[in-house]
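Quick heads-up: structures coming right below.
Two complexes follow with subunit A in common, the first pairing it with subunit B and the second with subunit C.
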Partner chain A sequence: MSKGHHVRFAERAGARVVAGAIVAFSSASLLVNQAAAQAKPPIKIGFIAPTSGGFAPSGEECILGAKMYFEEIGYEVAGRKIELIVEDEQARPDVGLTKAQKLVERDNVQVLMGVVSSAVALAINEYARDKKVPLILSCDAGANELTIPGPLANPTLVRTSQNGRTPSAAAADFMMKKGWKNIAVLAADYAGGFDTIGGFGAALCKLGGKITQEQYPPITNNDYGPYVTNLDQKADAVAMFLPGGGGLRFIKQFVEMGLKTKLPVMDIYGQAVYEPFLPQLGDSSIGIYSTLHYSSAIKTPANEKFAKAYFERTKHQPSDNAPDGWVGAKAFADAAKAIDGNVEDTARFIDAMKAVKFDSPKGPIALDKYGQVIQSMYVRQVEKVGSDYVNTPVATYPNVDQFWPLSFEEFESYKYRYVDLKGSLTNCGKVLEKK
Partner chain B sequence: MIWIIHTLNGVSLGMLLFLLAAGLSLIYGLMKILNLTHGSYYLVGAYIGSTVIEKTGSFALALIVAPLAVALLGVAMERFFLRRFHLDELPQTLLTFGFLFIIADLCLWIWGGDAILLPKPALFSTSIAIGGNFYPTYRLLLIVVGFAVAGVLWWFQEHTRIGAMLRAGVDDAETARALGIDVSLLFTVVFAVGAFLAALGGVLGGPIIGASPGADFDVMLLAFVVVIVGGLGSLRGALVGGLLVGLLDNFGKIFFPEFALFTIFVPMAIILSFRPTGLFGRA
Partner chain C sequence: MRRLLLPWALAAIVFVALPYIVPDYYVGLVTKMLIFALFAMSLDLMIGYVGLASLGHAAFFGLGGYTVGLLGLKAHVSEWIALPAGVLVATLGGVLFAFLALRARGSYFLMITLALAQVVWGIAFGWRTLTGGDDGLPGIKRPTFFISLADQTAFYYFVVLLVGLSAIALTMIVRSPFGLALLGIRESETRMRALGFNVWRHQFVAFVFAAAFAGLAGALFVYQNKFVNPAFLHVVMSAEALIMVILGGVGTLLGPAIGAGLIIFLEDFISSQTQRWLLILGIIYVVTTLFAPRGLIGLYRDFVARRSKP
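Let's look at the complex of A and B:
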C-alpha cells in the first residue's frame, strides 16, 4: 500500500517535473516561434479579380472564398503573416496586366492569385512567366491551353479552379449513358464557347454520339427567340454553353415555346442554372441538367460546413466561385507550409503546389504534373426543395483530370483544336481526325 | 408554319427596338444631341421595374412607375446639364457618355452584377399553339403594345399643339423660335418622352432581354442602327427601322448564323449608301 503510495508519489513528482519541463520547453519554443514570426517578413499575395463591371459577382465571390480560408488559419502560415492585396482586373486584359505589374513591381508580392477572365489570365501569364512569379489561377479563368504543354505553358503557373473542357467531357459521357445520342448544341460565339462546345463534341463523337445542329449566338445576344424557334426538335436533347445571362434568357424562351417537355437540357458549366438565377427561372428550371465541379448541395461534411458559413455571411447559397477561391487559398497555404514558408524559392514552391492533396467543399483536390487541378465533376439536376431551387448532384465523376477520359498523348493526337472545330462539329470524321 | 413564328419573333423584337429608337430619334431630330445615355434609360427602366415588381408584384405598376422615374431622370439631365451646351455637339455627346458610365456603376452598386429577367404579368405568361408549336402570348402583347404606342405618338405628333411645335422644331428650330414657339419647353418635353419610352422598353423587354451590366451599351447600339436606318428625327422611320432591324436580325440568325452580327450592319451600310439620311430622314 505504502510502497504503492510512494511509487505513485514518485510518479506524480516525475510527472510534475516532466510537465514543468514541457511547459518551460514549449513556452521557450513559443518565444522562439514568435521571434521567428517577427523576424520572417509577411507573404504578400496579389489577388487579381474583377470587383467592378459585369464579372464583379464572380470576382467578389472568389475573393470571399479565399478570405474565408485565410481567416480559418488566422492569416498566418509557417510563422509568416499573410497579406492579401486585392486588385480589380475589370475582366479587361490591359487592366489586368497593369494591375499585375503594379502588384509585382510596386507592392513586391511573392505570389499572384485569382483571375476570373481567361483573357486576363492569358495577358498576365506571359508577364508572370518572365518575372518568374508564381501564378495561382484560383478563380474562373479556364482557358485549356494554359496548363497543356505548348506555347502558353508556364512552369510557374498552377490552376486550382477548373478548365474549359472537363465539364464538357462529363456532360457528353452522362448524355450518352442516358441514351441521348443526337444532340443539338448552342454556344456563345467566342473563344470560350468554341472551347467548351468543341470539347463536348469531341467527347460525344468519341463515345459514338452525334451533334445534329450547331448554333452560335453572339455573346451580346439579347433575344433568344430565333435560336429557340430554329432548334432541331428531332434531336434527343440540347446541350448548351451560354454564359453571362444568355443561358437564363434562352431557358425562359425555351420553356415558353413549349420545348421543355420535348427536349432534355444539359447546361454545360451550369451557366443558366447559376444559383442566383434559379429563383428567377422558378419552376422553369426544374429538371435541367448541368455539369460543374461544384454544387452547394454536395453532402459532405467539408461542403456542409463551408456552405453554412458562406450562407451566414451572404444569405446566398455558394456557386462554384467561392469554393474555388477557398481551394486556391488552401492549396497555397498547404504548399507554403510544406516548404516552411519559403515561397520565394519559386521552383520548390511550385513543386509543393503540385504535391498538395486535401479534401475540400468541392471534393478531393490534387494537381497533375502540369499544375492543373484533378477534382470531381458533378452532374446536377435542378430540384425544388421546400421553396428553394437546388442543383442536386445526380452523378459524380471522381478524380477527373484535364484530359479525361483521354490520356495526354491521345488528346494531343487529334488534328484539330476545339476552337477550329466551330461549324464542323456535326462531322465526327473531322472532329476525330488524327494528325 | 415555322416561318410565321420567325416573323412574329422578328416583329415583336422590332416593336421593342421601336420603343428604344423613337426617343433617340426625336431627341436628335430636335436638339441635335447624340444621346449616348439612351441605353441607360432602358437599363434603369428595367431595373426599377424589377424592384417595383419584387415589392408589389404588379407588372402594370412597374409599367407606370419605371418610365415616369426615368422620364424625371431625363428631364434632370436636360435641364441641369445638357442645356448649358446648347447645340455644342461635342461637349453634349461627351456629357452623355459620362452619364452612361456613372449610371452603369450606380446600377451595379444598387442592383448588383447578376443578370435579371423580369417576371411576366400573370395574364400573359401562357403560350398558345400556332401550327403545332407553342408561342408565348407575351410576345404577341409586345406587338400590340408597340403598335398602340406608335398610334398614340402619331396622334400626338399630328394632332396636338405640342406635336405641331415639335414638327416645326425638327424642321427648322430657328424659324420656330422666331415664330414664338417655346423651344425650351419643347426640349424638356421631348427628353421626358424619349426617356419614358426607353424605360417602357426596359420594362416590356425585361422578360425577354432582361437587365444586366452592359445591356445599356448593347441596347444603345441597336437603337442607333434603327435610327440610322429609319432616319434621324422621324417617328415613322423609327417604327419602320425597328421592324426592319427586328426582322433582319431574326432571319439573319437563321439563314446566316455565322454572320449574326453582320446581318444588321450590312443592310444598314447598304441603306446608308443609297439614302444617306436613312429611309425617312430629311437632309
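Let's look at the complex of A and C:
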C-alpha cells in the first residue's frame, strides 16, 4: 500500500460515479412505488423507537403495546387503513433525526409516534415543528420542557406517556404522609437524574420536608458500596432514581449491609423494581416502595384484560412501556375518528388529540392544553404473591397533571430549573427561591 | 488527458443534478454522506498516511460542532465568524492532543487518543450550564453565506462545495513532498530520521491538519442537524469513522469517502428493512475484512489488475 498516493485519476472517479448512480437509481425506483398510491389512502404512522442497543427492551415493549391496540381495531379507523412503519432510532439523536426525515419525506407518514430517548425527542422536536407534522410521544421520552411553554414547546407535539417530574412529586407527597421528613437521595449523574431528583426536592420542600444528603453516582457505576456506606443513616428514608441496572445493584448492596431494616426505600420511577429485575432481586425486593404511572397489578377490568393479553404473548408481566404504547395508539385512533380520519389537517388533529378522554390499563387518560397527559400516579410496594414478586399499588393519586402539586404559574415562579439545583437540594431556601 | 477528466466531469454533473433527480430526503442523506466522507478522509490522513490509528477523532468533530453551536446559540455570533472559529478550535484541540498523544505509538497511541477524547466528551456531558449536558443544544440555525442555507438543497450545494474543496486540499497535501515524507515515516520512522527528516514535526502537522478537517465536518454536521449533542464526540462516533476508513481502503482518501457514504447508506437502508440490521452490517464488515483486507478500493484495483492481464 506504499503506493497509495499513486492512484490513477480514472479509477477514483469511476468509483465515485458508480456510488452516485446507485443512490440515484435506488431512489428513482422508490419514487415509482410512491406514485402507485390508492384513491383513499391509508394513514401512515411513523413509529420511532429503539430496537437495538441498551434501550431496545423499552422500545420493543412500547411497539408491542401500540400493535396490540391497532390489532384490536383491525388496523382501521374512520374507514382508513392504518399502516405502521417502525424505524430504529438506536437511541442516537442524529440517527433519530435521519429516521424522522426518512419517514416524513420518503414514506410520507402523516404522524410520528413513539420515541424512548429524551435526546432523540429533543432532536426530532424541532424538525416536526418545522414540518408541522404531529409528533405523539408515546414511549419513555420524558424531558419536562417539551410540554411546558418555552423555547422547546411545539404546538404539534403531544405526549401520552409520562414526564420526568410527576412520579417524583407523588413520591414526595407519599413520604411526607408516611411522616418521613428527612430524606437522603441518590440520583444518576445525568440530565434525567437531575430533572427527576430536582422535581422530588422541590415538591418535598414545598410540603415541608427536607433533603439531608445528595449523592450522584455516575450513570455507568457498578459498585454502590461507597454510596451505601456514606448514606446518611439519621435520615428517615432513602429516595433514589438510578436507571438501567444501577438501582438493582444499589438495592443488592444496600441489603447486604443490613440497612434495609433501618431505612425505608422509595424508588422513584420504579427503576430498581422494574418487573424484569424482580426475580433477580428476590426477597430483598420485598417492601420497597416505588412511584410510577402504572403497575401490572392495578385491579381494573381494563388493566386485567390488557395484562392477561400481554402475558399470553410474551410470558412476562408488562412494565409501563407496553401500556404507554397502547395509550398512544388509542389516543391517536380516537382523535382520528373524531375528525373523520382527516389527520392531514394538523391543527384540527392536534385539537382532537388534546380532547381525547378514555379509560386505559394505566387508568383514566386525558390531555392538558399543553398536550401533556393527565393520568394517575401509583405508589407501589413489592409483594410476594405465590412465587412471583409484584408491585402492588398501595396509594393512588388520580388524574394529576404535569405541574401537580403546583399550578403552572407557581411552577414558573421559581428561580431555578430542576437541573440547576444539583448540589443545592439540601437548601430548601434556594430550591423555593422565587424569580 | 480527456480520459482522465471525463469521470470527474460526470461525478460533478451527478452531484450538481442530484437535487433535481431525487426527493428531498435523499438530498439530506447524501449531505450526511458527504459530511462523513470528509470526516473519514481526515481520519485517513492519520491512519493511511501517518500510520497512526486514532480512536479519538470524534473529539475534533465535536469540538467544531460545539463551537459553531455555542457561538451561534449563546453568543449570537455571525456564521462568518462561527464556522471558521469551529475549525480553529478543532485545530487548537489537534495541537494540544498532538503534544500529548504523539509520544506513543500503536495501541498506546490508540489508548491515549481514546482517553483524551473521553475527556472532551466528559466536559460536554458534565458542563450542563454551557453545553446543555446530554440534552445537548437544540435550536441551532442553518447559516447564511450570501444566501440563506436554511433550505436543504441550498445547504447541500454548500456542503458539496466545502467537501469538494477539502477533498482537493487533502489530495494536494498527500501528493506534496510533505505527504510523500509522511508515507516514508509510515513505512519506517528510523530510516526517515536517518535521512534527516524531523519525524515528530511531520506527524504533528499531519495530526493538526486531520483535526482541522474533522472540525469542519463536525461544524457542517451540526448545521445539517440543527442541534449538537455529546453523541457527536462519543467514542462510538470515532469507531464508526475508523470502520469507514477500513471498509473503504486505508491510505486512499477516495476509499474512506466511499466507505463513509456506503455505511451511512447501509445503516439507513438496512435498518429500515429489518430489525436484524446490526447482524447484517456485522457480516458485511467481517466479509470485507476477510476477502478485501485492503478495503473496497483494494478490491476494485485487484479486479482492474486482473482484467488488464492477458
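Basically, the second predicted complex is superposed on the first by the 396 of 435 C-alpha atoms of A that agree within 3 Å, B and C clash if a C-alpha of one lies under 4 Å from a C-alpha of the other, contacts with A are read in each partner's own complex, and residues count from 1 in each chain.
Please note the rule applied: a residue touches a chain if its C-beta (ideal position, glycine included) is under 8 Å from a C-beta of that chain, and two chains touch if they have at least 3 such contacts.
No experiment lies behind these values; they were computed from the predicted model shown.
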For A:D223, select first, second, both or neither according to whether it touches subunit B, subunit C, the two together, or no partner. first
Touch test for A:L248: subunit B only (first), subunit C only (second), both, or neither? first
State whether A:A347 touches subunit B only (first), subunit C only (second), both chains, or neither. neither
Looking at the overlay, does A:P276 come into contact with subunit B only (first), subunit C only (second), both, or neither? first
Based on the superposed arrangement, let me know which partner A:L152 touches: subunit B (first), subunit C (second), both, or neither? second
What's your read, subunit B or subunit C touching more residues of subunit A? C
Of the two partner chains, subunit B (first) and subunit C (second), which one does A:A123 touch, if any: first, second, both, or neither? second
Which superposed partner A:S52 touches (first subunit B, second subunit C, both, neither): both
Identify the overlap between the subunit B-contacting and the subunit C-contacting residues of subunit A. 52, 189
Which of the residues in subunit A come into contact with subunit B in the complex? 52-57, 189, 215-218, 220-223, 225-227, 229-230, 244-245, 248-249, 252-253, 256-259, 274, 276-277, 280, 423
In the complex, go through subunit B and note every residue touching subunit A. 2, 5-6, 9-10, 12-13, 105, 108, 112-117, 119, 127, 133-136, 138-139, 205, 207-210, 212-215, 218-219, 222, 249-251, 253-254, 257-258, 260-261
Within their complex, state which residues of subunit C touch subunit A. 3-4, 6-8, 10-11, 14-15, 18, 21-26, 28-30, 32, 48-49, 125-126, 128-129, 133-136, 138-139, 174-175, 179-180, 183, 186-187, 221, 225-227, 229, 231-232, 236, 250-252, 254, 257-258, 261-262, 265, 267-269, 271-272, 275, 277-278, 294, 296-297, 300-301, 304
Interfacial residue positions of subunit A with respect to subunit C in the complex: 1-2, 4-5, 7-17, 19-24, 26-28, 31, 51-52, 87-88, 90, 92-95, 97-99, 101-102, 104-106, 118-119, 122-123, 125-127, 143, 151-152, 189-191, 194, 419-420, 422
